[in-house]
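Which chain is which? They are A, B, C, D, E, F and G, in the order written, and residues in each are numbered from 1.
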Amino acid sequence: MTPETTRPLDALNRAKGKRVIVELKNKKSFVGKLQAFDIHINVVLEEAEEIVDGEVKRKLGVVFIRGDTIIIISPEQK
Amino acid sequence: MTPETTRPLDALNRAKGKRVIVELKNKKSFVGKLQAFDIHINVVLEEAEEIVDGEVKRKLGVVFIRGDTIIIISPEQK
Amino acid sequence: MTPETTRPLDALNRAKGKRVIVELKNKKSFVGKLQAFDIHINVVLEEAEEIVDGEVKRKLGVVFIRGDTIIIISPEQK
Amino acid sequence: MTPETTRPLDALNRAKGKRVIVELKNKKSFVGKLQAFDIHINVVLEEAEEIVDGEVKRKLGVVFIRGDTIIIISPEQK
Amino acid sequence: MTPETTRPLDALNRAKGKRVIVELKNKKSFVGKLQAFDIHINVVLEEAEEIVDGEVKRKLGVVFIRGDTIIIISPEQK
Amino acid sequence: MTPETTRPLDALNRAKGKRVIVELKNKKSFVGKLQAFDIHINVVLEEAEEIVDGEVKRKLGVVFIRGDTIIIISPEQK
Amino acid sequence: MTPETTRPLDALNRAKGKRVIVELKNKKSFVGKLQAFDIHINVVLEEAEEIVDGEVKRKLGVVFIRGDTIIIISPEQK
């Protein structure tokens, strides 16, 4: 069972420090550890990798992603 | 008969905990249990699946969807 | 004669409970009974149908439509 | 001579009750009697007609047009 | 020498009552006398003409142009 | 060394009265003396020229550029 | 280990004075020393270079980049 959520940002809060996938409007995806986010859904990933067609295209270290370019954020599944 | 609604978010509130379909501007759709939403229409689905051409493309678990990418949200019909 | 209107939302208010057509920026249209709307022009239709090329493509029951995807809303004519 | 205007909405106010042409970003145009508008430039036309290539494509009666889809509004010339 | 300006809207204010060219995101241009503008850069032109490829396509009289469609506004040069 | 900056608008302030290049989302560029700007990044250039493929396409005198069409602003290098 | 972050702008703050890559929605990239940013993610780079296909296309000195055109900002890796 998922713990009770009342607001969408609670779900992001629970994902902090975990690896997430972030998909952007320009069809790019980034995978990394969710370090920070704010109400605009600006996010910072660390140990970030850009993914193209399921392959790691490049490693970016820390990356700030502007919220208005984001479609979805989803914790990586084990 | 549908219960009396005065605001659109009341309809989302009644859909909480139920399976909904969420269609995005980029032509993707997600189906999952509506866990949370806010006034920006950011939503969180659990047990989420991405649907392409009526087929399940992948299972995502929990997914945060940024509101400004959403076109419609509709409870699945029985 | 149409009753005196001072604000656009008054026209939507008069359409509540009546069937309206909602046309979206992505060229989709929905027809349904206008259950609710807000100042962002988010709307909820019930007994909603998606219309493509004048034909009913699917029946959706209740549908929440995000306001920023909407071009026009017009009461169905008798 | 046009009466003194200080704000753009004054020009819309003077057009109230008169036939105007409304051109949209999606290249559609509507002609109708300007019944109402607000600061978002949401407008309501009555006796509205959709115009395509200078021809009346359909008659819509009352139509609510969301402001952010509008490019120009101009009173019909006599 | 141009008089001292501190804010961009001062430049529009000095253009009031003069003929300006307004270029839009959809590649249309309008030329007319600047009657009014507001902080959203909504503008009203009078004696307005739509210009296509340097030619007058049509005369519109008074035209309200929604600010978010505008790229530039420039006073006509003598 | 560049003087200490704390906010991006300080950099625009230092460019006031100097020639800058302004690149727009529609791939147009303007070069001119930066006369004014505001927090929306609306700018006014004087002695402005539109540049296409590195060539002066036309001289515009004073031009108001709406901020939301701008990508970058950069002082011309000596 | 990365120091504790609570907000995304903290990550930008730590990158101040360091070389960052800024990728834009129009597929352009700029590399330069991060001099300033604000809550809209407007940024100023100094010693900036525009990068196309991994090659330096031009050197710009100081460049102001409007926040709404930005997708990601990432400190250059050593």
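Annotations for the structure displayed:
Everything below uses one rule, namely that a residue touches a chain if its C-beta (ideal position, glycine included) is under 8 Å from a C-beta of that chain, and two chains touch if they have at least 3 such contacts.
Nothing here was measured: the structure is a model prediction, and the numbers come from that model.
Common neighbours of chain D and chain F, listed by label, are E.
With angles rounded to a multiple of 5, the C-alpha fit of chain B against chain C returns 50 degrees of rotation. Note: centroid distance chain B to chain G, computed from Cα atoms, is 35 Å. Chain D has its Cα centroid 19 Å from the Cα centroid of chain C.
Within chain C, contacts with two or more other chains are made by residues 68. Following neighbour contacts from chain A out to chain G and onward until the ring closes gives A, G, F, E, D, C, B.
Here chain G touches chain A in the complex through residues 2, 5-12, 15, 25, 41, 67-68, 70-75, 77, going by the rule given at the top. Chain contact summary for the complex, chain G toward chain F: residues 24, 26, 28, 30, 35-38, 42-44, 46, 48, 59-66, 68-69.
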